[in-house]
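Got a structure for you, questions after.
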Amino acid sequence: MNRNSESVISVKNLTQRYGTGRVIYSDLSFEVPKGRILGLLGKNGTGKTTTINILMGYLRPQKGECRIFGENITGLSPATRARIALLIEGHVQYSFMTIGQIERFYSSFYPKWNRDAYYELMAKLHVSPGQKISSMSCGQRSQVALGLILAQNADLLVLDDFSLGLDPGYRRLFIDYLREFAKAEEKTVFMTSHIIQDLERLIDDCIMLDYGKILTQMPVDELLRDFSRYTLPTDAPVEKFTESGLFINPGKIKNELEFYTFKPLDEVRSQLSTLGVDVSGLERREMSLEDAFIGLTGKY
Amino acid sequence: MKKAYNILLIALGIVVLSWFLPWLYSIVFPTAASDPFVAYSPVNDRMIVSETGDDKNLAIYSLDADGNREDGSYTKEQRDSLLPQIYYTQLMAREALPDTIAGIEVGVAAFKHSQWVFSALPRDINKVMPEVYLMMESMPARIDLEDPKEVFRFRDGKVEFIDMETNAVIEGRSKRFTDIFNERGFALPMRAYSANITSRKPYDEGYLMVDANGDLYHTKMQAGRPYMMKVNKPDSVNVAHVYIMENIDNRHLGIVSDENHNLYVLERAGYRLIPLPVGKVDPEKEKISIVKNIFNWVVKVTGPEGVRWTALDSDDYHRLASYSKTYTESASQKAATYIFPYELSFTSVSDCYASPRFEYFSWHAIFLNVVLAVILFVVYRRRGRVAPCIAACSVITLIFGIFAFIPLIIVKN
Amino acid sequence: MEKALIFKEWVKTRMVFFISLALAVCVALYAVLMMKRLIELKGVDHLWLIMLLKDNSFIDIIKYVPLVIGLALGVAQMAPEMAQKRLKLTLHLPYPQGKLVGLMLLTGLVELLVIFVIQALIIGIYDASVLPSELVWRVMLTTLPWYFAGFTAYLFVTSICLEGTWARRVILALLGIAVLMIFFLQPALEAYNGMMLIILITTLLLTILSFGSIARFKEGRQD
């Protein structure tokens, strides 16, 4: 993953608990290299928003160190904050302002402000500059938030669950704009989402979080290439495969066994043989990112 | 900033609880004390006490010369006869009012004409007074007194009269009053004054004033012209407070107290300042009430610790008898001194100011303070606080007791 | 940047500001009208007499108005910040966070000051036309703690709004109620003259509360 030598976000040995109770994760470490779009994926409650809160300085980490642009996040300087565009969960913005007011408001904070990028997107929404954000639909508000992020022209974009509450059209619009912007300007993006199917078109790398740990951390194309789902008709009980520990999340529906693995087909076949299973019906299935996510985290 | 925030929060908590908890306690455990009624009998030359005991029954008894209760008690009818100056209407109804008592001819008119009541509360002088003063006309064109039309004030060492209707200075009157103030040697600023501004009184004596030197003056306006007299008094008497009196018997001009807490009466004839043998009285802290009748005065002085009565002869003010009662702490009040190391309040019945004040300090509370400090020490150790924090918070609890303990336990981090 | 920040506060509060201003002016005018009525019916000397003898300032009606305005403005300004954790956006602005919070509070306090000064001027100017300066000052000094109650209410309410946990909000609210009660304990005129310095210092110190709430927010102390 460290193809690019310069990492924009670096997280080392991050440990976080709910109060003094349940561990959200311990010793979490990852890096986000420059110019990459990284998705932090996980089920609800695995600590996605917690991680963003820590990175943005809204939660003091109990252990570990986080740096953004080399600066410790516990005291990010205004200059560094200016390089980071933040989208908070639910596309929250200053909804008491109008389209025009909010643009003027933010423009005075960011030297690289790109007014046209914002109004270009607004033009698509059929809203007037005098319209209050609070009177807009959820989808329109998401576009305002996106427009502001694009106009800010930041080096790092941190997006917390951008897909929340958006219908597919707006999700698609959001993703398309974002991808084009990020790729053209070599921006780094760190994002979370609970709708995975959209992300395949967007993210370069992914981190999959399970309760308390990182399951995998790799480029999406590598993941989709190496991680596979297999099916096999067999009479053998599923416990046989679960107990062997050779495969990921084995499950059985009627007579068909389903399991996941990073291992190549030959190795899978030989391992199944050692378990004394007839492998004649073994099949490798194509997978989407969502399938891979479910394969790694399990359905439950 | 975080540290300042925590300190502020704890400090506010201590201040609020120091005020609130004792107040709450006094609401939950109310203490009601009522003073007995004490009068002096010209019939048996004794103080007569009427007291409602804890059993809610009225006890009427007399005191000997030392102020001790004498054997036996009186009925209400007996009391009426012993105190004819008070119960003359009852005696009249029973046709039991004698013609003379103690050699003095009596009757309803004589009683009525010679009696008055005086009362001075600390809160009447302990307040911010307006610095403009209403002036009545003492000799109105018609017989009846009228509401004042003018005020005066002191400005640049001069007396300035203002017409209320126009809010404009009355030049002539101002000059005449300034001249007489200067002539009489009145030194500004005025230290104290007393006037009784109302048209519902028999006559008007204007103002008693105390100047910066503690000298006493009598000032009024007669037919628009100033009248001012300086009261002769020994140099050693430094007047502190004055109370003008305009009673129907016309004999006294006022009650005066000095810096040494002596009480005087100012007689109108010859402006005689006569000491009253009632002991030390501080009008800023004690309530003074005087019930005067044809035979005697009963001066009652109520302070925070207790109350005392002195009976004086009406003619020459010599002391006839005295009696005092010390307030005892109730069990709940006593218990409070073991709980609260002090009590903070912002107001008081004896003044009209709002300001923080500590009512008492109690050493008894140190036991509880120590216990609370130990508990806090243990709790903070368990919470894993750093040593300087534990030490500081324990010491604070030791000093402020329960008032600090509660916020320090509640406010975590 | 400062201009933009003040603009943001202004957008949030302007509605409440104008309503409060109207309320303050109306109540002041009502107090003035009552005095005028009394003067017409009984003469101006009657007004003086009541003021001097009954310790009546004729402005008791404005007593709790600054308090209510302080509360309303505090809520109007800070509730939108806490709704949906919008404060995260504000704290993310490339501007020193301490200065930013200070500027927010300053904007609110200045708005309050403007309302209070206008109200006090209406009463003061009218009083000065019928009363001697001594009594005008007496009235003004009597109202001063009420205005400080307004600032105090504002500062408590902002800290409560910016606080992220309910437990601490309750503590702050209870403290706020208790501190505000102190401003209304003694109805006598000019009773608070001797306490003005303490009130001023306390009010200044209370600004710390909002900074504390923000510091706690940044530590992640949120329900």
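Each chain gets a letter, A, B and C, in the order it is written, and its residues are counted from 1.
We take it that contacts are C-beta pairs under 8 Å (C-beta built on N, C-alpha and C of every residue); 3 or more make two chains touch, one makes a residue touch a chain.
Given the structure is predicted, the values throughout are model-derived calculations rather than measurements.
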- Taking CA centroids for every chain, report which one is farthest away from chain A. B
- Chain occupying the most central position, where position means C-alpha average: C
- Item | CA centroid of chain A to CA centroid of chain B, Å | 77
- Between chain B and chain C, what's the gap in Å when you average each chain's C-alpha atoms? 36
- Note: chain C sits from chain A at a C-alpha centroid distance in Å of 46
- Note on the structure: chain C contacts chain A in the complex at 1, 3-4, 7-8, 11-12, 80, 84-86, 88-89, 91-96, 217-220
- Query: What residues of chain C sit close enough to touch chain B in their complex?
  - Reply: 43-46, 48-49, 51-53, 98, 129-132, 134-135, 138, 145, 171, 174-175, 178-179, 182, 185-186, 188-195, 198, 205-206, 208-209, 211-212, 215-216
- Residue ranges of chain A in contact with chain C within the complex: 53-54, 56-60, 78-79, 81-82, 84, 86, 88, 90, 92-97, 101, 104-106, 108-110
- Touching residues on chain B, where the partner in the complex is chain C: 1-2, 4-6, 8-9, 12-13, 16, 19-20, 127-128, 130-132, 134, 147-149, 151, 153, 162, 164-165, 167, 197-198, 346-347, 352-356, 410-411
